[in-house]
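To start, the structure itself, in structure tokens.
Which chain is which? They are A, B, C, D, E and F, in the order written, and residues in each are numbered from 1.
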Amino acid sequence: MDFSAMNSAEQAHMTRVIERKQMQDFMRMYSNLVERCFNSCCNDFTSKALSSKEEQCVLNCTDKFLKHSERVGARFAEHNAEMMNGSGSK
Amino acid sequence: MDFSAMNSAEQAHMTRVIERKQMQDFMRMYSNLVERCFNSCCNDFTSKALSSKEEQCVLNCTDKFLKHSERVGARFAEHNAEMMNGSGSK
Amino acid sequence: MDFSAMNSAEQAHMTRVIERKQMQDFMRMYSNLVERCFNSCCNDFTSKALSSKEEQCVLNCTDKFLKHSERVGARFAEHNAEMMNGSGSK
Amino acid sequence: MSFLGRGSTPSSGGINQERVEMATQELDMITDIFNRLVSSCHAKCISTRYAEGELNKGESVCIDRCVAKFFEVNKKVGEKMQAVGAAAGAGPSGFTSL
Amino acid sequence: MSFLGRGSTPSSGGINQERVEMATQELDMITDIFNRLVSSCHAKCISTRYAEGELNKGESVCIDRCVAKFFEVNKKVGEKMQAVGAAAGAGPSGFTSL
Amino acid sequence: MSFLGRGSTPSSGGINQERVEMATQELDMITDIFNRLVSSCHAKCISTRYAEGELNKGESVCIDRCVAKFFEVNKKVGEKMQAVGAAAGAGPSGFTSL
């Protein structure tokens, strides 16, 4: 996004909006991750304790999701940059 | 909805709220549509280019979803009008 | 949550935020419940009227979901209280 | 004292905050229900093969019935919730007290 | 009269409300699309057995292609919506008039 | 200069905007987690045949264990994310700079 058309008061306001949004995004990703890994890894409710197998699954799930997000984010940034440069055509 | 009980300052404010909301609804529908048609139509990731079959599927999916939304919207408006008139009973 | 560090103006503001949020939560739960019970109970669209079997299913679904939510809420509160007391470790 | 526009006293520029807020929440509620309705009836009625872009006859009829049934369910759930007085204690905000 | 900061007159402290709001909405839009992209490509590319925490070669390649295809779909849907002028009448807010 | 209530200077009517905002975000976070917990444990524990409106014994026990396990997962994910310092670069807002 390009905020260069904004005056400094507007840019200061947007900085604040973006900071708040980043916090919200982070929290949303966190709870989404808990839900996602819980749903994928926990299917046995004969006990309330996490088995070591379930725990390993949760750790791998978290790890993999973060790496996935990062990779998607990197590709997303490249595509966005391309589109900004007007070479967005196939 | 009925805003006739409001004074003109309140009505002006609601108009603004509604305009913003329509914009948000539209954007949300747009990204929902991209997600929906992508998920339904794209299952082959041996290539990064959209095949002609996938492209046709996406176009039909978009077309159909918009027609679906419009039809649901029309029925929704009718039911709402009925309920407002107090003839909401079966 | 603990708002004891706040001054009275801040607490008054938070009370208002919480009231609004409770209203939103309630509305969200309501529409979520309609969607959930509709999706689980209604699969026959040869008629537009709710069959008595479907109606019973919707009533049971609503009942059960509310009881489920309450039970989850009770356990959630217990776990939160435990965590606040610092005995959150296994 | 209506510090933050609570109560029914109008505050900034003749706007009754509470009334405006109620209307905004009602609007949010209607939008939410509508979006769920669109999504549910799409799942129930629309084939995802997408061989063509038009709604066929069967899909169109299904949509009309689906919307009608969804409203019936909406009514039943509303009645049931009023009967059990469900507003209280179902969310986590209930745990929060000042 | 620009009572609530409408139009392009700057209001509080030199901030043009409308410009700031547009930028905020654009930001929301990008975030929404990104979250759906992450979720869709996870469903398409990542095995949920979670035997290890690394992305393997196949998953990595799949992600790259998935993102590229998602952008293509994004473009096609955008063109189609412009062609049919889809902004109007698809949401429930359209039923609301003052 | 604390133009928009940033920093820790109290602004309107003795309210510290930042403190109030943090509390509001924490409330949103708890609500979000709770809603996902309700939905996940419903999927894991509740039969969708809906032959009766009561929770049976098996469902009740399952709910209790499900909530406990969900909290355990919450803790593991939190620890893992702290370990990898995951806040940075995972969202699209990170691409936005002024």
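What we mean here is this: contacts are C-beta pairs under 8 Å (C-beta built on N, C-alpha and C of every residue); 3 or more make two chains touch, one makes a residue touch a chain.
Which protein is which chain? UniProt says A, B, C, D, E, F = Mitochondrial import inner membrane translocase subunit.
Model, not experiment: these values are computed from the prediction.
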| item | value |
| --- | --- |
| Steps needed, at fewest, to go from chain B to chain D via touching chains | 1 |
| Chain whose average C-alpha position is farthest from chain E's own | C |
| Whole-Å separation of chain centres (CA-atom averages), chain D against chain F | 22 |
| Averaged-CA centre spacing for the pair chain F and chain A, given as whole angstrom | 14 |
| Chain B, residues touching no fewer than two other chains | 1, 3, 9, 13-14, 18, 21, 25, 28, 41, 59, 62-63, 69, 73, 76, 90 |
| Sequence positions of chain D contacting 2 or more other chains | 3, 13, 27-28, 30-31, 33-34, 45, 64, 68, 72, 91-93, 96 |
| Interfacial residue positions of chain D with respect to chain C in the complex | 3-4, 6, 21, 25, 28-29, 32-33, 36, 39-40, 43-45, 61-62, 64-66, 68-70, 72-74, 76-78, 80-81, 84, 86-87, 89-96, 98 |
| Interface residues, chain A side, partner chain F - complex | 1, 3, 9, 11-16, 18, 20-35, 37-39, 41-43, 45-50, 54-55, 58-59, 62-63, 66, 69-70, 73, 76-77, 80 |
| Touching residues on chain C, where the partner in the complex is chain F | 1, 3, 5-7, 9-10, 13-14, 17-18, 21, 25, 28, 37, 40-41, 56-57, 59-65, 67-69, 71-73, 75-76, 79, 88, 90 |
| List of chain D residues in touch with chain B within their complex | 13-16, 19-20, 23-24, 26-28, 30-31, 34-35, 37-38, 41-42, 45-46, 48, 50-55, 59-60, 63-64, 67-68, 71-72, 75 |
